[in-house]
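The following pair of complexes shares a single chain, subunit A, combined with subunit B in the former and subunit C in the latter.
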Partner chain A sequence: MSRPELTGAAANFYNDTEARKYDTNSRMIGIQAEITKRALELLQLDTSFPNFILDVGCGSGLSGKVLEEAGHYWVGLDVSRDMLNVASERESSIKGDLAHHDMGTGLPFRSASFDGMISISALQWLCYSNSSKQVPKRRLVRFFSALYGVLKRGARAVLQFYPETPEQAVLISECAAKVGFAGGVVVDYPNSTKAKKHYLVLSFDRGYSTPKGLQSSAQSGVRVDSSTSSKRVKVVKKKGKGKTKEWIEHKKDVQRKKGFENVRKDTKFTGRKRKDKF
Partner chain B sequence: MKLLTHNHLRCNTSSATTGYPLKITPTEIRITDDEYNETFVKHVMQNVNWPVLVQAASQCGITTLPPTLPPSLTTDPSFLRALHHVLVNVNIVSGVLKCPDTGREFGVKDGVCDFMLEEEECENVKI
Partner chain C sequence: MRLLTHNTLQSPLTSSYPLRITATEIKYIKSSGLMPEEGEKDFVKNLMEKKKLEWSGVVGGWRDLKEIVERDLKGEVEGIEIPETQPRPNDPSYTKTLKSLHILLLEIHVITGTLVDSSNERVFKIEGGIPNMILLEDEIE
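Our next item is the complex of A and B:
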């Protein structure tokens, strides 16, 4: 299936018929609910009271339904008015509020408003521009800096997204780090094409380490850390040592963490010297 | 749109200084019946801007809120019940929200507020 992001603006793609299809498709409902549950798990909320949560890219309210079942109150934003119309027809949604809004334009809330934020399958839309005025990187940074403001200190944000390329995941994490967030990308089921899911988990806490992805024998993910990404780390060259086994393994490890898939496996031959006669 | 949400909303265009609070001009208000939840009220109450809530409620025709919040009331069950009602169950179905700084208007239709901005209106960020 081709990517809907390449067909134009989200508001145009999710029109009335598409929104209704989306909302009644049992496969979609199942996947969205599952992702939202996992996002809530990664959010690690204090559940001794109902939380006030922001849902960016709420769509037809499938994720809001899960939030409600967990007892939380929420505010949903979406760029597609048709999706919101479907969401507002949902009878049960009395704990949620909806607003028509484009996440690339910032967030219309005062500071420290929310206990947490989730976003399901929406963030990748910011990587595409649909008019000459839209600069993807500017929209991403604007979104993250607004997010930094509207969350309460100590709150976390979990954004599930579908990166088209590993570079997109890196760009998104870099923009998040630029505004001061700590955290990183958690990849669930990295070896499966269908079940593979990327979650960008953000926190204010400098020392925050992202939870492990599910069923991952080889842990992969891009670490976001503004302290290292903004400053260039000076590499001290050692003389005469050459490419040692440790150097090669480290280099491969970095490549894997960046998300490159065609990195050679580590074997007993890695970094071994060839025989003299060769 | 709930008054709880309104209490957190601001106009985030580049020309607005604070853009808060948005003035409500309601044309239709609906009362829902969300179940009373004491822990939630106690939790959100700490983060509610009280004068803004009093003002917003009066713009929606509710004038029963005290102008300042005495500490004795914060544990009063009947007061908390009433507060939950004002925060969650009073919904603006249609009307207009107006930014106090720029006068920009955000329409509310079918309970959904329109916050779509043009790229020129947005805050400029360094990249």
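Our next item is the complex of A and C:
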């Protein structure tokens, strides 16, 4: 998978041509809409009245469109002016408003302004530094502490992001826990490379436990909690042995979940050694 | 930029509130999708009753825009009345204020102009209806 984050600043990557491409790509539109719907579901808003939502990294307003369809009003922030230009041309944008801002420098809103916050495919940009003055961790903490301020008490935030490495997901969750948020990462379709999506769900409620990810049997993901976040996650690699019966069964299981059809059945012969003379 | 957004914006540097608006171009966009709805479903009414509006921001925004609205949107927007203090639901002028708020917060757009932080005179430009709140990395501590 290509990672535009590695090529430089978001404001440079999403220039006019790239922004237009993004906005008219039907695959992109479909994916973004789907993610936004899932994010709204995870947000668990009180829908008896129209909510006022903050959309960080709103881009060309694809996510805003979904918010509007759900009856909410929104304000979108983005660091790319070209993306915002495309968004402002969108005619249907009657309930949304835009501002040009870099989330790594905080949020320009008074306290308790919003009923909820979503961010679609934007948070991972904060993990990269594009100048000597940008320190990823400091930018993340600055963003989360600003977010803590602008949300109404009891509101939630859902941030979908693409971590490059598991360490990035841990770093992000640690920064969120540091400013006082509770919550965790929900991973949808953890067994698929393409459909796999990470959602960081944040809440003010200390006892808040994150909803389960879609189509996942095992509990996966990292929990944000002040008490556990300081512990390092150690990856212990097993050596030798090779292909045990468990390993084979697991591998077949993963393939079945991915939807492969030609996976051999598990039988009593699975993982058995052949006779020496064959 | 709508006044609804202005109502939430504060200076990212000094937390000064509200930001002073100087508008050179404004636009009135009437939209059927924004019509006031019944009861709880109405966004503006909801903002008022759940105390989500900062009244000083509404008053400040209207004070800054009044002149240009009366000059440029003559015939389109009329009869906006914003009291100095936030009215209560049983005040006689309440429904009228709601109507005014609906137009002021949702239907008037500032296209070109500036937002000024009155504590240090830092200027944030508004171009094409989008305020530029970008800070330089040097400006943050």
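The rule is simple: the second predicted complex is superposed on the first by the 225 of 278 C-alpha atoms of A that agree within 3 Å, B and C clash if a C-alpha of one lies under 4 Å from a C-alpha of the other, contacts with A are read in each partner's own complex, and residues count from 1 in each chain.
Going forward, a contact is a pair of C-beta atoms (placed from the backbone, for glycine too) under 8 Å apart; a residue touches a chain by one contact, two chains touch by 3 or more.
Just so it is clear, the structure is predicted and the values come from calculations on it, not from any experiment.
Novice: So if we stack both complexes on subunit A, do subunit B and subunit C clash, or do they fit?
Specialist: Superposition result for subunit B and subunit C: clash.
Novice: Once chain A of both complexes is superposed, is A:162 in touch with subunit B (first), subunit C (second), both, or neither?
Specialist: A:162: touches no partner chain.
Novice: Based on the superposed arrangement, let me know which partner A:75 touches: subunit B (first), subunit C (second), both, or neither?
Specialist: both
Novice: Classify the contacts of A:13 with the two partner chains as first (subunit B alone), second (subunit C alone), both, or neither.
Specialist: Neither subunit B nor subunit C is touched by A:13.
Novice: Could you look at A:189 and tell me whether it touches subunit B, subunit C, both or neither (first, second, both, neither)?
Specialist: neither
Novice: So, A:204: does it touch subunit B (first), subunit C (second), both, or neither?
Specialist: After superposing on A, A:204 lies clear of both subunit B and subunit C.
Novice: After the superposition on A, what does A:88 contact: first (subunit B), second (subunit C), both or neither?
Specialist: Touch partners of A:88: subunit B and subunit C.
Novice: So, A:145: does it touch subunit B (first), subunit C (second), both, or neither?
Specialist: The answer is first: A:145 touches subunit B but not subunit C.
Novice: Can A:137 be said to touch subunit B (first), subunit C (second), both, or neither?
Specialist: first
Novice: Taking the two structures together, which residues of subunit A meet both subunit B and subunit C?
Specialist: Looking at subunit A, the two contact sets intersect at 48-50, 52, 73, 75, 77, 79, 81, 84-85, 88, 94-95, 97-102, 105-110, 112-114, 131, 133-134, 142, 150, 152.
Novice: Which subunit B residues qualify as touching subunit A in the complex?
Specialist: Per the stated touch rule, the residues are 1-2, 4-5, 8-12, 20, 32-34, 37, 39-40, 42-44, 47, 49, 88, 110-117, 119-123, 125-127.
Novice: In the complex, go through subunit A and note every residue touching subunit B.
Specialist: 48-52, 73, 75, 77, 79, 81, 84-85, 88, 94-95, 97-102, 105-110, 112-114, 131, 133-135, 137-138, 141-142, 145-146, 150, 152
Novice: For the complex, which residues does subunit A have touching subunit C?
Specialist: Per the touch definition, subunit A meets subunit C at residues 48-50, 52, 73, 75, 77, 79, 81, 84-85, 88, 94-95, 97-102, 105-110, 112-114, 131, 133-134, 142, 150, 152.
Novice: Using the touch definition from the top, list the residues of subunit C that touch subunit A in their complex.
Specialist: On the subunit C side, the touching residues are 1-2, 4-5, 8-12, 15, 17, 29, 31, 33-34, 40-43, 46-47, 52, 54, 57, 128-135, 137-138, 140.
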